[in-house]
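Each of the two complexes below includes chain A, the first together with chain B, the second together with chain C.
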Partner chain A sequence: MNKTSKPSLSAGAWLWLLLCAAVLAYLPTLLTERAFLGMPLSNTQLLNLGLSQINLMLISMLGALSLNYLTGCAGLISIGHAAFFATGAMAAAVFDTQLGWPFPLVLLAAALAGALAGTLAGLPSLRVRGLYFVLSTLAVHYVVTYVFLEYQFKYFDVVGIPYATPRLGDWELNTPVRWYALLLPLVVLVYWGLKASLKSREGRAMLAMRDHELAATSVGVDVRILRLKAFALSSAIASVAGALFAYYLSNVTSEAFNILFAIQFIAMIIIGGMGSLSGSLVGAAIWLLLPSIIGGLSPQSSESNEFLGKLLVEHRAQLVQLIFSILVIVFLIFAPGGVAGLATSLKNAWQAWRAKP
Partner chain B sequence: MFEQVFFSGLALGSIYGLVALGFAVIFKATDVFNFAQGMFVVCGAYFAVTAISILQLPFPLAILFIIGAAALLGVLIHMVLIQPLSGRPMLSVIMLTIALSIALRAFIEIVFGPQGRSLATPMPTGVLMLGEVRISYLHLTAALVSWVCMAGFGLFFRFTSVGLLMRACADNHEAVVVSGVNVNTMNRLAWGIGSTLAAVGGVFLGQLQIASTELEGIGLLALPAVVIGGMQSIPGAIIGGLLVGIIEQMAATYISPKSSDIVIYVLLLLILMVRPWGLFGQRELGRV
Partner chain C sequence: MSTVLDIQHLSVAYNRKGLALEDVSLQVPQGGIVALLGANGAGKSTLIRAVTGLLALHHGQITGGQVHMLGQLVSGLPAHRLVRLGMGQVPEGRLVFKQLSVEDNLLVGAAVLPRAQVKDGLDAVYHLFPRLLERRTQAAGWMSGGEQQMLALGRAMIAKPKLLLVDELSLGLAPLIVADIYKQLRVIGETLGTAMLVVEQNAKLALSFAQSAYLLQQGRVVLSGSAAMVAASPEMKASYLGEARQAGKASA
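Showing the complex of A and B:
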């Protein structure tokens, strides 16, 4: 299967990569001019999407990647990942809104704060396993959001914490296209970084730890240190994502990081596929883009069907939640591998079909 | 002052204990850590709204309706959702119950509207004075009914043959299968009991406040209650519930109302660090 020599990409893979790069590079133009090669497109044809949704999707992708690294690859379940987003947002508030540090330094500080918070939150993993550890992450979630709430009310007010428009030198991040230009390379970087780290010695030790802790220990893996490291890395990424999220929204309250916020990342990696980094990208994309697609349906369906139209207009938020939770349940029961698992089995079926004489 | 806070904490704690007991019954029988337990509480409150305000059933019939609907809900959830997932990793099952609670919440908000409904039952209202301490009749009824339910189920598990089988199922799954007991029936029964107990708690909470989906947060306090008491222990769940109720009221009065939840969760974190098997649970031993 995988040789230790450097894997070289085939011509087909290069073609795919180029095609993806071309699509991603053209996407901002397509969505801002709302026209494809000079041909104007209607909102419905563009699936009711805008670039700001794409940007939020990219930020969520960072969160989903970090959670999938922790849960899918290291086998540590966390239902408190919103806490690390909150840590990042808090770090950004302290170092930028209050102290006025430059943007790159603030992101670095957010990463460090996230790593620290993650190490602390991972400490119970030295003592408890499985379900008990899940509960400790839940408790950490409540503790961090309470600290955020107290901080917000001490230095700011009910309206929330304001964030200045970030700038890199003279380059101000004031348009969606500029955000896209910052976020897309960042997501690609984090994706390749995590992928490479899984191929390293420690990454493989981590996968061994997930699959069989005792076996991993018996071949000399120190699972305690490894757990804390995985937790620190994952929460550092989530914390940077949280800082970016806060900057992007330019105003954040403690309610933004409630338990539902944490749960949505779990839903993303379940839909995308547990343990598959590319799956978490797909899961985040589905999670963030589906609501606006459902919203785009409302004008048409209100003409055709009165009941459905009323449902879409009056209870859109609830309808989106209902659809998502049912989607998650269906995936859990019928496709536990998520989209990535479905893709693998499709690929296998296709190869088996081709191999037939 | 102190007695006042203590007694209202005790009354609320009895309701938490009831919800936590339902949670523990489900957990012991099927090993499912049910995050939808908070939503079962909300369902109970809305079953009561349906029976009393919408269908305008007489009160005894309404009670039957609430209990029947809640038990049916639990049994259906086990049949349709939990059973297909048996043997899957823990996160799948946890996430299923979380997704279920989101779906139930969305469904309730679509059917009844996102605003809460007031719930009025013919249970006695008013205040009883015991020296300096004011106790509302509603709190008193809630506590009494909770205690009767808890005692009833304690006796049921201890002295009936079905209760014995359920305890056997929780103890040693394989041995029970070999003896020819239908484990699925027992598990369904456990889910029915668990959701009914939560629903009874929901009826009281719905009347003490109003029936709304916000009751879920209160219902979810059963989770720390169960862990503090010890997850494998039925009496532990009840005592954990009482403790959580009293501590919550104390924290709300003496520290600040905002801090009441956080004190509970910090306590949970401490218990997990020091004594993960809870106050009354048994230490789990791993086998290599």
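Showing the complex of A and C:
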């Protein structure tokens, strides 16, 4: 969690950062050429992953980051995150598909629409707490998805809303590599932005409000304004992610933003660790990539056993889900603080071990 | 002598029925330390809530009277505004921000200061409580009760309040630690000139610390005056300090 901060990075940290940057820069080449430095790699060796999945993961990371900011850092549990994705998708439909605005302006409009919807959705937080508030976000979810459905059928049809390939000037986002080049810096930007905001006076006050509302009030924190701000910022990010999601799929229907879509973000931040921004990234990666990794491992092991092989082939999707769910449950039993909590306790154990004479 | 906190004929009710405080008047003079005494349910916490603007959170409301701080009417103002006007609080049960580091706890308290004064504020708190400096980067929730109480006190004083409301400081702490924290509280009062209203179950301790005291019983002030006078009064002895009859209750 965001406990301490060193003023500057150590040499080791810089090395790690450089290594990460190198890996991330090389990733699209690796996944599109399916070869490492000219050496061809099999699907299994590449963990059955493609760049498309990575891109969807990056979009989900924006969702997980924004939800963790709201829930883990501001202490507001929300199951309305699909609604803000839907808001962004709707904004993109209105301003691009219908009005033909340029892509950057559409994203800006999506952010504003999200901030507005988020502020409205956050209003009940001024009066109600805990479970009652969660229910109010559920209501927001159903209201927004209903509006989306009505909108979709009024201007489009059952097939869904189509989205044109977005372009930045002459640069068309028509390949996964180009999407990657847009999404990766965006995720990094949002991550650093949120991280910096938590270190500001308001960010610190927000964490204090999460830890103890009454105590925060007693030292001069206006919790009502802070709640609305947290909601507005979180939904603005989610809305932009929703617009990108719609563009990326090039066609979405109202069903895309169902309640399961909202819950998956909650799962991501629980797996990653409540209140940890970097945990949200890991949580989103696990949630989006692990099923396909499990799916990629199954065919080889099936060859040895006739019955098992048949089972694996016929019910592969269900089995992947089953194994994935079990892994998640086992993980949460042994690491209730998520990946971030696990990392912290490992770090503490390491330091304790080193401190021993 | 000017008053920092002036409570006039304050009445408070919860859920619009039954008065929890009735016609209570109380003054805290500039730089003075005033003890607020009373048994459980006498209305001490209600008084603090009314002064700090947190009554609404507990479904209570002021039904009569006014509260002035430094000449300004403050009853009815939202809690967070009062802090900016110079009211500091050490809430009952300490209520530190458990997941935040010690320093971040202090920085939350320092947010009402101009940025240029934050560093000096931190230094002043660390000077008063060197233990907090040692624990600077530690999560507040992992500290002992006494250290958390020091932190709660430091978090309140860093904003340089004109008036400090201290609620049940001794709750659940070892006597030695309590004595130590009270000593530092006195230093704060002397160096910053902070006036204090101290709510304390441990009447003996409070009376040795404060200059004057008010005794609440069932929502009314039944006795007020200098600490020595209150300590020696028969009402105090009979109802509170626990002569033979109530010995068990008072020592709890």
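Some observations on this one:
The rule is short, and it goes like this: the second predicted complex is superposed on the first by the 321 of 357 C-alpha atoms of A that agree within 3 Å, B and C clash if a C-alpha of one lies under 4 Å from a C-alpha of the other, contacts with A are read in each partner's own complex, and residues count from 1 in each chain.
Definition applied: contacts are C-beta pairs under 8 Å (C-beta built on N, C-alpha and C of every residue); 3 or more make two chains touch, one makes a residue touch a chain.
Remember, predicted model here, so these are calculated numbers, not experimental data.
In the superposition on chain A, A:Leu107 makes contact with neither chain B nor chain C. In the superposed model, A:Ala216 makes contact with chain C only, not with chain B. When the two structures are aligned on the shared chain, A:Gly275 is found in touch with chain C, with no touch to chain B.
Look at A:His315: by the touch rule set out above, it reaches chain B but stays clear of chain C. Which of chain B and chain C touches more residues of chain A is settled by the count: it is B. Judged by the touch definition given at the top, the superposed model places A:Leu207 against chain C, while chain B stays out of reach. Residues 214 of chain A lie in contact with chain B in one complex and with chain C in the other.
Partner chain A is touched in their complex by these residues of chain C: 52, 54, 57, 78-80, 82-84, 89, 91, 95-101, 104-105, 107-109, 111-112, 137, 139, 155-156, 159. Only residues 1, 3-4, 201, 204-205, 207-208, 210-212, 214-223, 275 of chain A touch chain C when the two sit together in their complex. By the touch rule above, chain A contacts chain B in their complex via residues 71, 77, 79, 123-124, 127-128, 130-132, 134-136, 138-140, 142-143, 146, 149, 214, 260, 263, 266-267, 270, 274, 311, 315, 318-319, 321-322, 324-326, 328-329, 332-333, 336. The touching residues of chain B, counted against chain A in their complex, run 33, 81, 84-85, 88, 90-92, 94-96, 98-100, 102-103, 105-107, 109-110, 114, 223-224, 227, 231, 258-259, 261-262, 265-266, 268-269, 272-273, 276, 288.
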